[in-house]
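Naming follows writing order (A, B, C, D and E), and every chain is counted from residue 1.
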């Protein structure tokens, strides 16, 4: 039984169709990569899963519950966190307040405190800057904050939209390590990445998207060696 | 579209029915309606029935313009409006062009009747301000004035200007000169200034509604000056209930109309008005009532017949305007005759509030 | 390629509250160079851009452009002197069409007065015509000419980045500052972008200073680079040498 | 001197009424990012409920006050639901115009229900006068001072320190991202309006107790004054709104009292001149933070 | 090449269309087919359209919320009308000169206020414009030459309604042409870019401060002309004609018409002029219904269904336009 099942999804922006009938699934414990060129529709899929955009038709089922009928704010509570494209941290609030908001759906103060410590351990820079207004952080720092904030909800499934964007090479490696460790910690990961090579290295399976449709899917290892993928997305 | 008005003369009026000045327009509309009903119930004027149409002008010149044209579209033949001065002045051009008989019940600014076919029932601001200055200086013998007036209201500032001019000519001095903006609800700073002055009376050329608020606030500041005002203060007891009514004991104001006037005419009007609207009529209602009877007198004087109801507004104006200076109407606001300039001559009363009642003072 | 100094930054620095974001940084960029600026996240690269473009006023130090001291000048003046930039977080005119974005960039180049536009005098048509042509040409360079009439916000991310570069170029700069132009692009697109950057440098006679975390791009096209770390200059020099500097590896590259 | 101190106290009294109104206004303004021009009209409606409950129905004063606040909160809720919520994705200006429509609507409803005449309110809070440094200050004014300060501190703490307050801040910045945190954006905004309107209810009680009258246009003045106070103090700053309100009250009292008589009629204008001068000198208001948008 | 040529003809097409519209209205007025109230309102609609367009430049295109447009309206009305009252020139000439004087004085006001508040943004700027409008109104009350609170009467009339309408209409056409030609030019793009992203606009050399001043000056100029039309239409002006609610009403027109949509502003101005009059039959419920209509219009114009409908309609229109005009170009 898949954790997340997407079936024949169609999404529109006004009159423009961005997603043209997509189906895929994510199993518990997996790391799934979504790759594709600019504008392929990756972000749109993630937004539809977490309810920021409404689907025109099709279904999204998470642990037996239909997400397309669930309001966005409930979806988090069901165990899905989203690290959005462009980070979207609360730039007038402090780092600490941002992280607290990540735990908005949770009640137990002590547990939240524990998660906070975990996040600080993963990103010591955030601890250093915990009282800085988030809008003045550097790009990389903001990305860390966005991931940290998502982890604060202790999700079962985390959706990450280009988490390595704008990060220094050291941090890119670090972020992928973090993703791996998040996954090892039992959280399922749906990863959208431009850095396809790195993404495929840590992913179990992957789907390749082209203009709103899935054109290829399979085992990550197989895809890394696929000639067409190599040519189109790995730059080799 | 036009209504069927055969055999009827259509009298139109405009005034504020919505917005901050709506109480005046509403009073005028009601007062006039009572007169119209009386006349029609008594069989009309030589068989001529009157039809009354009234449009909202929000006391605004541009709205008044549209309202006036609307009345013309609906067959208006005689104009009984406007209620407020600004709207009235804005219609001067149109009234001149139409040449119809124009009687305003309450537009008191000098310019509001600058056309030869325009007449008014109320006193104008200049005469009233002057008269009040003379009365206070000469009859009451006060010398040092404190004034509070409404800087956004042309009635109030018109009275203020006229009063001040005459007052200083007479040799009076002004100890505290204060004003407030239309929307004001707090008058404490002005009252502090008045309290700190050596004035021997407080002159309030404003309407009763605001005056009542100011009087309550003044009491809290322990200001015990004699209170004086103009016809705008008429009806102030409507606003002051219970203990507050005592605050205006001894208030003196200049007025053409006293609801307490024991005369049968006034009492019958007051009774009808109260029965119909559950309110004591104010001077606006009385002015409007008189305006209708003035028009009636003019119609009678000109000897109009039912045939004449087919005439246009202009043709009627030609017949009615010349007789206006020949009529005399014994109205609620006194015996009224008109000068060629359109101003009424009528006996003004100075009223005083005694034991919670308005009484005439000599 | 003349080896004249185009941009000279002397001991520049800025503080935000207690934070010394950039401290005592100096660098020199020669005419026609393709220069890279790298460094860990939060090391002050973007802040340096912001000072050079007048968005922030430096609290210490100066910078000279073409021999002229531009320290503390307004963004508008600095742009008119010939420095244009792109932003790390894309800042397009989202509700304007693609071609209009570029035309706004051409605003100071093809001038006519408001009066001339009101009366639709000949110069209006003449300059508008030239603007249209130039804008189309620029869009062509970035392969955006097909989308010229769509709204900028409807472009996919990668194309938005390109459009931002096109808009900056439209102002006719001598120095172009690119803040992470390849962010959000896949390797193929990055490859393409590198071509484009080279093309711009050669065909528009441009000097380019760019911030980038994609080492493939940096080592592929930058002749010289500087490395910032905690707001200070860690290393400067030929790209290959700097990238092999152990300190740089430890602070930035890893492995 | 006595006169001057009296005028200052008049100004503070007036200013604390403005501040009280501005607090509720600022809260909605800061969170929902909209100029709620109907805020003042909710105060007007509140004052009419006092008229109905106390003057007409003679309900006990404490109960009437509770009903008044409840009614205002309910009104805020309904207005938000019907008029503002459908515009969540519209431009702020569309919402502004709708708020103006709501303001007209409430005014004209009051006009139809209660007629054109000003309604007078019996003195329902009677606390006599206080003697402060030899100057007599009305008790109700002192109550207003205290209430305003308490509400300011309460609001400030609520927004800074509680989970709901933080959620409001998140919503005010990025509704989408707030949803991703699991925040129910619609509900949060509704709650903001309910709290703001309840504060308007409190303001209406104290306004009624102090001025003892209301007409359908009472609120429109407060809408503008609260807006001015909020901006003057710095947008979104709760202490700022309070200081802004006080200053505007002071300026008005001083100009009303000390302008020479020939400029007297422009006293309102002079108050605005001072407002402009101060804003030109301090473009983000007294306590407003400079925009921290990073480029 | 062709594209631009076509654009240049737009002005002519527009003027031709405007003349046709005028012919219809003038015929209706002349033959009294139009009710008199409608004729009067047609004149009112003229200055309202000018007001809406001039504010649209500030709010819709530059993106600054101005709540003090009535201040410029007042400056123009008073200066132009005072000139008109004191001059002996033929009335037509006097009116045109008054319009220019009123426009210029208002423009000076726009210049002064905008150049003193360059550092202000957003709501801070909004409150200052509101304050400015109130200041203008306050000072009119104490300057003797304006007639003070009592108002300024005796403003000459142009004569018949048709004549007043004709002159006003010409100014409407001029306003539309000027504002459209500004907007559809490099300057217009610069102004719009400031609204869209001020930081980016500065980075490409758009002088925000200069444009703020220019836009306020031009906007104020036309508001001033509208004031002169108002004065010669009702022959009497008073401070109450220019209170803050008037600024709001103009803003309603702009927002209702759609931000940065000139045609929309024109239509909205006409609708807002006529709506309260159409509702006259409702008596005391009139303003209540007006308020409801306002709320409803805002809700409707922002409902997704209507927006979708508009997008589709525009696409269809564009398609039709292409069909009609592209063949000629080939």
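Assume a contact is a pair of C-beta atoms (placed from the backbone, for glycine too) under 8 Å apart; a residue touches a chain by one contact, two chains touch by 3 or more.
Since the model is a prediction, treat every value here as computed from it, not as a measurement.
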Provide the labels of all chains in contact with subunit B and in contact with subunit E.
-> D
Longest centre-to-centre distance from subunit A, chain (CA-based) | B
CA centroid of subunit B to CA centroid of subunit C, Å = 73
Could you put a whole-Å number on the gap between the CA centroids of subunit B and subunit D?
-> 36
Between subunit A and subunit B, what is the separation of their C-alpha centroids in Å?
-> 75
Taking each chain's centre as the mean position of its Cα atoms, how many Å separate subunit A from subunit E?
-> 49
Two or more other chains in contact with one residue: find those residues in subunit D.
-> 108, 111, 264-268, 293, 295
Please set out, as single numbers or ranges, the residues of subunit C touching at least two other chains.
-> 46, 55, 87
Subunit E residues counted as touching two or more neighbouring chains | 141, 148-149, 199, 284, 287
Contact residues on subunit B for subunit E in the complex?
-> 17-19, 55-56, 59-63, 65-66, 69-70, 72-73, 85-86, 89-90, 92-93, 109, 111, 114, 151-154, 156-158
In their shared complex, at which residues does subunit E touch subunit C?
-> 1, 3-4, 8, 11, 177-178, 181-182, 185-190, 192-193, 196-197, 199-208, 214, 218
Report the residues of subunit D in contact with subunit E in the complex, numbered from low to high.
-> 35, 83, 86-87, 89-91, 93-94, 96-98, 100-102, 104-105, 107-109, 111-112, 224, 227-228, 231-232, 235, 262-270, 272-273, 275-276, 279-280, 283-285, 288, 291, 293, 295
In the complex, subunit D residues that touch subunit B = 2-3, 6-7, 10-11, 13-14, 17, 108, 111, 115-118, 120, 122, 138, 211-213, 215, 217-218, 220-221, 252-254, 256-257, 261, 264-268
Touching residues (chain side subunit C, partner subunit E) in the complex = 53, 55, 74-76, 79-80, 84-85, 87, 91-96, 100-101, 103-108, 110-112, 114, 117-120, 124-125, 127-129, 131-132, 167-168, 170-171
